[in-house]
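Just below is one structure, and these are the notes that go with it.
Naming follows writing order (A, B, C and D), and every chain is counted from residue 1.
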């Protein structure tokens, strides 16, 4: 059934035209506003991407072009000379290996420690729960420098200084509070009813955890693991203090920064940046979840 | 939610133990480093062996007379041998007494092992004592005050700009423009970028033959490259660091703000619209007040991180002319420079105290508002 | 003047049409209820009137002014939200004063209007509190007070009572109705609760699938539903629908229900003519039938399946052919399951509907929408 | 493609897990060096060292950790490091803790076939008479380098091999006036402390430490601040190595360590010339940098370690080190003539600098030990406070002199040339305390 028009006054042609004009104007205004937002969005994106483009441009230029002035904003010719020079330079492959090793150990350790702790915070009401959350928050707020210096001295005394494994211990300490809070929010987002249902249908609490909760929480835990990886991969202050001959990639680069040529510098920045680009892409959807919960 | 007596504690024990091991223990050690000093005194021995009874003690740099010497052949654990020299020396100790006894070559400097008649004490056993010397060294270091002021200046310049930018980013993302998931990714990219890389990126733009000068010279705006990184005009270097830090660390604020925004029921904003609030009024009267808890978290986090700003500064300025607190910590720790972990520990403690104090101040400021909110209960 | 005219409003979300060419007029001082099941587009329509979502086509005219493309704040309306949207960071006073403050009203005026609104809603003692310390009902009152404080003349309400418990809802219903009548504001009120709609509205617009099916006074909508859906949606129990057959009977028509024949009123006959020898739906409300314990030629026998004594009435569930019928009887009318009773269908209470489209076969249907 | 990336990532991770930095083969000769820490240099040095034999391992380390390592090995009695290569300044700590073999016999053996610079042999004895802590390994210094473009602005009548600091300032000003850019560069984020210690202070005061707060030192700083710095490229504050700014053309005239200038000479020998540092009123201060090779007591194989040192002192290796790493031979038997153009240019400048008649070789005080870095900070601070921060010269000199004297007293470090040798801690003549 089609509805009828109920406005009683007949519409004059002039008025109809006026309405049309008004409609057009409003549309344009709306579109302008949208376009405005879009322009801001794009401008912000350019602001983020431009430096990355420039460094990529440098990384793929010949060393001559890197030193040229004025510099070109596009690599011409595209050259892998700088990148391959960087990758072949002494210490890069081992320090990359160290970085990956440290990051993996950090991820494994902090996840193993954080899963039970996060679960406890998410699921149980107990005396001191808020205090523990507060401790987590304040601990993650500690300046790294405060810990790195004494830890370096302690590790030296213990004879475990300058080993990737000990750096991973330190990185675990740095990332653990964040990881616990993130994982607790991941668990909190799995409805408790599921677990109860599983138990009603015959699971032990442990079975319920492994059969129901963990599979549901796994993507979130994986995202938190990636975040932990990125944190460890980028961390430079503790790394430069706690390692010497077994430096991680950022520490190695920072230490050689003032001694390195520009092509090396720019290639190193680019190579360090690439994993971040990839990892952030994978966890972009989880970022808000993780932080949304930490806020609370 | 469950109630249980022991389970949650059991689950938390490993983490808490770990944190105690890597936070509490280093903290106490840092305290020890910062407030104690190692001094050396040479214990003289009755016989030319380390285990012999002591006959007295001498301060470092004491000039001594060599009365007798002995050359022993020491067998090393790896099977080799080395000559080992012991000297019967005599000198004046702290109390003014003349003491004499045996000391190994390790502890004294002697020009000729076989013929010299005098030597100087250069080694001994370490003893620790409490001291404010390291605190004093930090306070009297001429870079200390400039490190503080630069750090604070950076904080004051960076944080507000980051918040404004992060809120704009968040609002743009909230407005659901086309491709907003792509924009979200792009805005989040710096989250994974280390301060070191960010520093190199922005250095490449602002260095004398960098991109900005390339652009300006190519465009004919200037004839000669403008030198931004120069000691005569610190404000340029500050500006570059500020830009780099805003570029790098706004993402985290953006994430926090967006998740805070998402938690604000749409109703509130619509109610604002219906009741006549303009976009600005909605931001001012509804969004920002409701975002406050999120902004607080971000503010504390950013403040603490601002005190740790390090690699960006090094990468852009070289780190000597323009210095910040964490750079000073590193300078004092660095074996190639001061090689003095004690002063570094004092710096680290200072950073911690200041950033905790500021965080507490924020929390206090927040709480007074919260209490106002709840006072009517 | 606070008349609201909606002309040919269309709103689509992708392929889904939320508002499908709706036109209606809300008169000044009128209390109009938009009623319909969830997803029928009533809230979308309300939001379009508020300006919280722009129409794809069509126009909205408020007080003679075309507001189709205006922002909400330029439309001179106020609104009560389903979840109240009471700002948690503002005291009750500031919440109520919000609209006025946004318009930068003078302080004295704000004070006066807030106090008046608060008094009207009996929350004048709570102005200094924060909403977090208030109950659902109190928040509801704040939301209403905020809406009336701006004195815009138009209040839009989006299921405002749905979050209250049953008792409170009953109380608020009456209070809101009198309050809004007294203030003389034009109200558009969205609900899915047909009792609320019946009890509060001057007129009800029943919506389904983005269309307004019927717009009329509550009693009209109740008694003369425009189609099977409206009849089924409104009323507890819903209208009974029986399957009949149209037969020509000389110049006129009868509708056969099994062996039983119903004689429709004359004005339906032209419509029935079109349905000759076809099935037709007979709609009748449970309380409109006369139950009898003895057979009568003008009554149809039915077998009782279930008897539900509800106090004020007895609700019988009976079978008539393949159809089930609900009959509401006086509590004194005592029967038990398995018995047969006879039902008389008063001629003017029966609605005849097209078996395919469900639309009523009646001349006054068209008029009812006016 | 995805799998490829994943595989290579896994391989990298596996490498990190399977081949932890520990060693693999059985007991090679391990050569730990505090030199050639720069990525590119370390690779070339490794290639040279490994030509000695299959089992040799070349490890680079910063000074502090290298010392800690030897210390730790001495405590355990078992050592992996067989040869220690370091700058002269590193050895006092090792000597003080008695960690090194006496190499007197080895040195005599080498000297039978090679002529080692006597001054450096003496340095290797660390002030003792009968204990050779290290065998001199190689030497370096800091010189000037200039782009040929700059030569046209050289003040008239100036001999580039015998410049004075005043002429240098004139030159820098002439370049500035002509191009509008400050074309002189100093490594302010690099070895600026060496510039002060070994060049400015000795050239103006005739000493490095003892004349620290003398009127001549004040004059020198005033010259630096008023006459030279205005024509120094302001971005010098971020320069650590001068080869990059030279190569890119940001600066035309630069001062730096020969090794740090070397890449420029290697890449574009035709564009650059090298020349000695200018002279001041007191002479031509310059800083010879000597590196030595020592053998820790904990070596497992003294004979192999000695062989490696002999190898490192052979003319061929010394020539290779010069050619590829920019460190100069300590023996006289190296044929410099056959060097590539860039290396030859630098070698000539080094020779001219050390052979100049008014030359003042300047060495750091000996015995600063673990606090060796602190003396550098004092000279850096002096530069920063006066030149960058614009503090009053004498105030800065006096307060830094106080720190310097305290440092010397606490460590017992003694003076070397150009300051008169001291008994006990070096003393600043004008009363630092």
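In this text, contacts are C-beta pairs under 8 Å (C-beta built on N, C-alpha and C of every residue); 3 or more make two chains touch, one makes a residue touch a chain.
This one's a predicted model, so the numbers in the text were calculated from it and none came from an experiment.
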| note | The chain whose mean C-alpha position lies nearest the overall protein Cα centroid is chain A
| field | Pair of chains whose C-beta contact count is the highest in the structure | value | A-B
| said: Can you compute the centre-to-centre distance for subunit B and subunit D, using the mean CA position of each chain? Integer Å is fine. | reply: 29
| query | How big is the gap, in whole Å, between where the Cα atoms of subunit C centre and where those of subunit D centre? | reply | 92
| remark: Per the C-alpha centroid definition, the whole-Å distance linking subunit B and subunit C comes out as 68
| note | Whole-Å distance, C-alpha centre of subunit A to that of subunit C, is 52
| request: Specify, in ascending order, the residues of subunit D that touch 2 or more different other chains. | output: 62, 65, 189, 240, 248-249
| task | Find every residue in subunit C that makes contact with two or more other chains and list them. | result | none
| field | Numbers and ranges of subunit B residues touching at least 2 other chains | value | 209, 225, 318
| remark: Pairwise, the chains that touch are A-B, A-C, A-D, B-C, B-D
| Which part of subunit B faces subunit A closely enough to touch in the complex? | 1-4, 7-9, 11-12, 14-16, 18-19, 21-23, 25-27, 29-30, 32-33, 165, 168-169, 172, 175, 177-178, 180-181, 183-198, 200-202, 204-205, 209-211, 213-215, 217-218, 225, 247, 255-256, 258-260, 262-263, 293-294, 297, 300-301, 304, 307-308, 310-311, 314-315, 318, 326, 329-330, 333, 341, 344-345, 347-349, 351-352, 355-356, 359
| note | The subunit C residues in contact with subunit B across the complex are 47, 50-52, 71-73, 77-79, 81-85, 87-90, 98-99, 101-103, 128-130, 132-133, 146, 150, 156
| request: Under the touch definition given earlier, write down the residues of subunit B that touch subunit C in their complex. | output: 265, 267-268, 270-278, 281, 285-286, 289-290, 292, 373-374, 376-377
| note | Counting only contacts in the complex, subunit D reaches subunit B at residues 62-65, 76-79, 96-98, 101-102, 127-131, 179-181, 188-189, 233-235, 237-240, 248-250, 297-300, 302, 367, 370-374, 376-377, 380-381, 384-385, 387-388, 409, 412, 424-425
| task | Please name which positions on subunit B make contact with subunit D in the complex. | result | 60-61, 63, 76-78, 80, 82-83, 104-106, 109-116, 120, 122-123, 142-143, 203, 207-209, 223-225, 227, 229-232, 316-321, 331, 334-340
